[in-house]
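Paired with chain B in one complex and with chain C in the other, chain A is shared by the two complexes that follow.
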Partner chain A sequence: MAKGDPGGTTRSRRAAPRSKKGAAGDPALVQLLTPEGERIDSATGPDGTEYRVDFTDEEYRGLYRDLVLVRKLDAEATALQRQGELGLWASLLGQEAAQVGSGRALRTQDMAFPTYREHGVLYCRGIDPIMPLGLFRGVDQGGWDPNEFKFNMYTIVIGAQTLHATGYAMGITIDGKTGTDDGEAAIAYFGDGATSQGDVNEAFVWASVFNAPLVFFCQNNQYAISEPLERQTRVPLYQRAAGFGFPGVRVDGNDVLATYAVTRTALDNARLGQGPSLIEAYTYRMGAHTTSDDPTRYRIASEVEAWQAKDPIARVKAFLEKQQIADAGFFAEVDEQARRESVHLRERVLEMPNPEPVTMFDHVYPNGSPLLDEQRAKFSRYMESFEGSAH
Partner chain B sequence: MSRIKTFNLPDLGEGLTEGEILTWLVKVGDTIELNQPIVEVETAKAAVEIPAKWAGQVQAIHHPEGTTVEVGAPIIAIDTDPGAGPLDAVSTTATPSSDLPTPSAASLAAVEVAPAEGMVEPGLIGGAAPGGRTAVLVGYGPRTTAAKRRPRKGAVPAQATAPTPAGVDHAVVVGDKPAMTTTIPAPQVLDRRNGVSGGAVLAKPPVRKLAKDLGVDLGTLTGSGPLGSITREDVEQAASGAVAAAEPIAVTAAATSAASFGADREQRIPVKGVRKLTAENMSRSAFTAPHVTEFLTVDVTRAMKALDRLRGRREWRDVRVSPLLLVAKAVLLAVQRHPMVNSTWAGDEIVVKEYVNLGIAAATERGLIVPNVKDAGRLSLRELADALTDLVQTAKSGRTSPAAMSGGTLTITNVGVFGVDTGTPILPPGESAILAFGAVREMPWVHKGKVKVRQVTTLGLSFDHRIIDGELGSKFLRDIGDFLTDPEAALLAWT
Partner chain C sequence: MATETLTLGKALNTGLRRALENDPKVIIMGEDVGKLGGVFRITDGLQKDFGDQRVIDTPLAESGIIGTAVGLAIRGYRPICEIQFDGFVYPAYDQIVSQVAKMHYRSGGRLSIPMVIRIPFGGGIGAVEHHSESPEAYFAHTAGLKVVTCSNPQDAYVMIQQAIASDDPIVFLEPKRRYWEKGQVDLDAPLSDAYPLHSARVVRPGTDVTVLAYGPMVRTCLEAATAAAEDGRELEVIDLRSLSPLDLTAAYESVKRTGRAVVVHEAPSNIGLGAELAARITEECFYSLESPVLRVTGFDIPYPAARVEEEFLPDLDRVLDAVDRTFGW
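This part shows the complex of A and B:
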């Protein structure tokens, strides 16, 4: 058993049904691509659902490109924080497959509710990757339109977005937009630490009893900042769903194919009116919780190394090479694109204008208010009392 | 646009005010790439590598390793266009130089050094701030550093009141001549001792109590805590008189790691940092304190078995249990029986200490250091085990603080880990006894009248003969030996 697996789960896992081949040492894990890059035709979930994917070569290459770009842009943001250009950054390093796999499984009409780490899902939604950097640079509140991109604002409060998502999903039902193949669904992202929050458990209850078309997508990255998984749970997280009355499944979160398959199935069930489900994407946060954190203080290097061997990108690359779906020229071209886009991102971040302080009054009410106008005037006079420019 | 870019230490973790330069990963003259790691910095939250903000050539490094630097202080200067010829006319100020070629990496170099804000009206948020702001209930807590405020129209010019700590050279040296000087004000090396001047002495009640107990006059001390307050360590240091050992130890590059011999087949290694301090301490101690060393070989088979039983206990499952732990416990118990060994020769008087700051000599990449476990006599065995583990790990990772190395009263040197039987250790200055703990070996040993294979070790105790006579030293060593021969019986008999 790998260090970091919850010690208390051994017995229950042994009792769980054995999926086809499965991941070494973890029979309950849905996996379609092994860490060595071997494809598995299909995998069976704990409730007997069979998962498979059927991608074209172009789509396989597209997933690889997504993974590499998302990782590179994330690394650039981390560097920018270290250079004093961002106040903070929550890196997704190691979780690319969980985010790209689920993000690409979303349909245009599906609404996503992220935490503050879903840069990969944001990318898949077609949002300019600079958007979260503005937020963490402190020059805006996150600049995208949630309704346009069907991707809600980043939520810093742990687990709060699961309630927002539940309410939104209940609204989908009330609007009568479920029950067809082209119905709508919502997905709520959260982490293993959030499962200990009251909000998340309340969301489970509401989503369950109102049969909300919602996928709870838990990226179990093994740590709630410094608290290991065994301090959150004594059963595998996906099994919690059973207690609330909806299905749960654990997927290899470092396997972009399995994550895609499981998420797509869960979303389709939701849009058909079959209610919520919980996906536990079993993954690992390779970096720090945020740039303010030092993971070497609470976890050992050998554990990180063990997860390095399960890298989400390396296995796709190995698969593409073995199947001769991509050649060295393709990989070099993707790397070059990633480099170019990260430099472009950096240039644009450095040029982001600082907003005038007085603009904080602009978006409080859609049509303004006399009281606010008065405050704005007072604040402007105060700012003008300083030497130099108003800013 | 300036060719020379100065990189200021950013706030690496949401509201931090300073960071310590741990390791420079580049040196002056190095050509570096964008995002190449240049320096490792430790803050209150994390030790992190900082990637280079610009590609180019390192022109100057402003602070040596081991320095604590304020956020916003320049730490490195990078020539972003080293191929463009000499630097004579270039300045690191943010003033555009129209006659200079545009840097090749123009877009990457677009950000100039932000002019530092003028420092006026230093107010203390959380204290008596001018705005009447008080302590917060959530978040990272009130800042304890001086707030920087922008000048108001009609106010006194900023620089007039800005303090200018001496000793920080911001000149960027190119070749052998100072070519330019930055205009960044407010040199940044932090001197915490410049907290308050005059007025009442700041110290928390338990520290005042400690000072009273140890007979230390707080008024004579310089505080190292926030706002210049006097900390427990300050008092203990003053009480032990071990000021010499408290000198901050400069971090040095591992000059010895790359042995390079010249034509004369000799290598010359500059004596500095830990090596220099070690040499000074050892020479001083060897020639001022008349040492005597005694040896005792003991059968520690029972003690090793006791350790195994300890390891087998549930509540000790996660604890690192080593023979050193038992030796430390033996020394602490023996000190209780012979307090005189835990003392300092202070010229016309002998200072005997009730507290034992137990030093553990540790070989690290930086050299020999002797951090100590404060007031180790009051710790339970479990607490002692945790403290030793923490001390050793901190030392191995090179993060031992100067405070942890000062104020030691009695030391153990675990030479056994190097596979030798024993040695004649030299006293750390200000201490009167040091115990060498040799390797535990299987040896033929007379046990209950028969020659058996037993686990045996040799202890070597050096002591200051001015304070400790042969009788006292022998009894002390004998007690340590007795404990290690049969720890359970010793515990029953002595405690």
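This part shows the complex of A and C:
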């Protein structure tokens, strides 16, 4: 799918909340594509906002391609970790639609602040998917230019980036870059566990009182490592927004179309100067928290199976088939591209050199430090003292 | 030369005003920094003249102040964050240590966080708890941060502007009990010619004992030097100014002449700046030392109730006592 402005959303507010067809048992969930691949024409959020998408066939196929590619690359990274080529990997398995839907909803000028699991958003921003593998292999700490791609570095301290996103969005306002269709907005990614963090709650306060052009995008994947949602909250997360004074909406995070529509609307509201909002993308972490985790210790197989039936990719495929938007040749071609790109990724990871030890002294300070220079020089002399020896 | 007599607080205020005038990307954020001008009035009048988008009254959340300032810095701003009191900085500690300090490093040099974190620090004003602390070691220990402190109005005026102009994240410690002390300030000298920010300075030459101090203790040590001179002992007093990185060139040269060194700070001694200074001086000046490097510091207790803080804080007599003890070896 091309960058820029694929498809479109309708932004309209209605007096009374109205949901044409919510997910079973959850009328609040915005959904445009059922797990069975049935298209829903439009859905209404809790504040009456109506959501719909109007993609071309090419754009639908593009979204499918994104989903398959990010899943395949993610699987390759997990395999690389299992083979000892990465120190760790935080898989996005199950969250592809939440990430591709929101990632593609970003306009070129929008700035994203990710956690450490947003490989799908990173892909949508046009960043080489090998970049986060450097971090997890341990050869660097993230190799892309945040300003070039409008995608900040991964943030591992839970929730810290929501404040960075808020400040960045305040800067958008100070720069006078809101109030028009081509204004700027920011998006902060975080998870259900992060909603318990002080920083996230402070970010909610700040974004609200400064009317920051910011979308809080919470991927509720139901677990913070081992702790279920019930340990973080007693109210649906999207409802927390009301207490801070901005709208909240829960979207089917396994539905790429609904996620796109909800995110695009929230970003456009923000860029127009209507302030922040919270999106709770209701999804499920199908894999482990990271490769160091063992989810069988804290969740049951039937729960995982139930979510397997809501797979974000299978429903798009079913839709494309039913609507005859794509044929077997297309699916085979996408699979082949994914295979090719994952092989390429693997080859490049294996070729990633270890950094020269002395480079650990680089970039501590923009202006340097004489004490550090001295330490670096001593370290270099020490290392040189081994030259020519057997060890 | 247009010198004016200013208090240290007013010198900071004037330096901040200059920075706001000279660079539209400079913004000030903090609690009560707007209409009130800060609880110590260091930002007095600045919001009125520069507007509430450049001098921002923030919600009461220190982590929020620093965290949002990180985002503003990523967008190209140069935030100056005021933490109202030393003891209130800890809610922001994670953002300072894990985010501000590491952003340049983590990004492989692609991002810089040109932030100044102003913290009134130290005791001596009869305050309630959490208002008199000396947290410099926490920050000086953190790679990626620089830490400076001023001891007089002239330095306050220049150093705050140098810190703002620097691309490094800098914790700027202000000796709150010296806010009201007056001194001559040269308002016209160009910043480019000023004494370097991260350089220590000999503030009183002497021949017998080297005394190292910074911030509020510099004046205490100068008074001790005056008293010592009456007894025929000449103390060389060095104002360290930069606590990270430390500039000990002058200190080494001095100790090699005097053979004796006393380090003075309000912060508790255990694992404090004094320990680092003593270790470095010992490494560099071992054969010149006539006695161990001695420390005169606050005690290893939480900051005590105000009615006993005079006994907690190093004063002239405790400095002189340590000077005497260096002659006991």
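Note that the second predicted complex is superposed on the first by the 362 of 391 C-alpha atoms of A that agree within 3 Å, B and C clash if a C-alpha of one lies under 4 Å from a C-alpha of the other, contacts with A are read in each partner's own complex, and residues count from 1 in each chain.
Here is the rule we go by: a residue touches a chain if its C-beta (ideal position, glycine included) is under 8 Å from a C-beta of that chain, and two chains touch if they have at least 3 such contacts.
This is a predicted model, so every value here is computed, not measured.
A.B. asks: After the superposition on A, what does A:Leu88 contact: first (chain B), second (chain C), both or neither?
C.D. replies: first
A.B. asks: So, does A:His363 touch the first partner chain B, the second partner chain C, both, or neither?
C.D. replies: So A:His363 only meets chain C here.
A.B. asks: Quick check on the superposed pair: does A:Val209 touch chain B, chain C, both, or neither? Answer first, second, both or neither.
C.D. replies: After superposing on A, A:Val209 lies in contact with chain C but is clear of chain B.
A.B. asks: Given the superposition on chain A, which partner contacts more residues in chain A: chain B or chain C?
C.D. replies: Counting residues of chain A touched by each partner, the higher count goes to C.
A.B. asks: State whether A:Val343 touches chain B only (first), chain C only (second), both chains, or neither.
C.D. replies: A:Val343 sits against chain B, while chain C stays out of touch.
A.B. asks: If we overlay the two complexes on their shared chain A, which of chain B and chain C does A:Ile225 touch? Say first, second, both or neither.
C.D. replies: So A:Ile225 meets neither chain B nor chain C here.
A.B. asks: Could you tell me if A:Thr166 is touching chain B, chain C, both of them or neither one (first, second, both, neither)?
C.D. replies: So A:Thr166 only meets chain C here.
A.B. asks: Have a look at where A:Val235 lands relative to chain B and chain C in the superposition and call it first, second, both or neither.
C.D. replies: A:Val235 sits against neither chain B nor chain C.
A.B. asks: After superposition on the shared chain, which partner residues are touched by A:Gly143: those of chain B (first), chain C (second), both, or neither?
C.D. replies: In the superposed model, A:Gly143 contacts chain C only, not chain B.
A.B. asks: So chain A touches chain B in one structure and chain C in the other; where do those two contact lists coincide?
C.D. replies: No residue sits in both footprints.
A.B. asks: In their complex, what parts of chain C are in touch with chain A?
C.D. replies: 27, 53, 58-59, 61, 63-64, 66-77, 91, 94-95, 98-99, 103-112, 114, 143-144, 146, 166-168, 198, 245-247
A.B. asks: State the interface residues of chain B toward chain A in the complex, per the touch definition above.
C.D. replies: For this pair, the touching residues of chain B are 7-14, 34-35, 45-51, 53, 107-108, 110-111, 150-153, 155.
A.B. asks: Under the touch definition given earlier, write down the residues of chain A that touch chain C in their complex.
C.D. replies: So the residues of chain A in touch with chain C come to 113, 140-143, 145-147, 152-153, 155, 157, 160, 162-175, 186, 198-199, 202-203, 205-206, 209, 362-367, 369-372.
A.B. asks: Taking the touch rule as given, give the residues of chain A at its contact with chain B in the complex, in rising order.
C.D. replies: Its residues touching chain B are 76, 79, 81-85, 87-88, 288, 291-294, 296-297, 343, 346-347, 350-351, 385-388.
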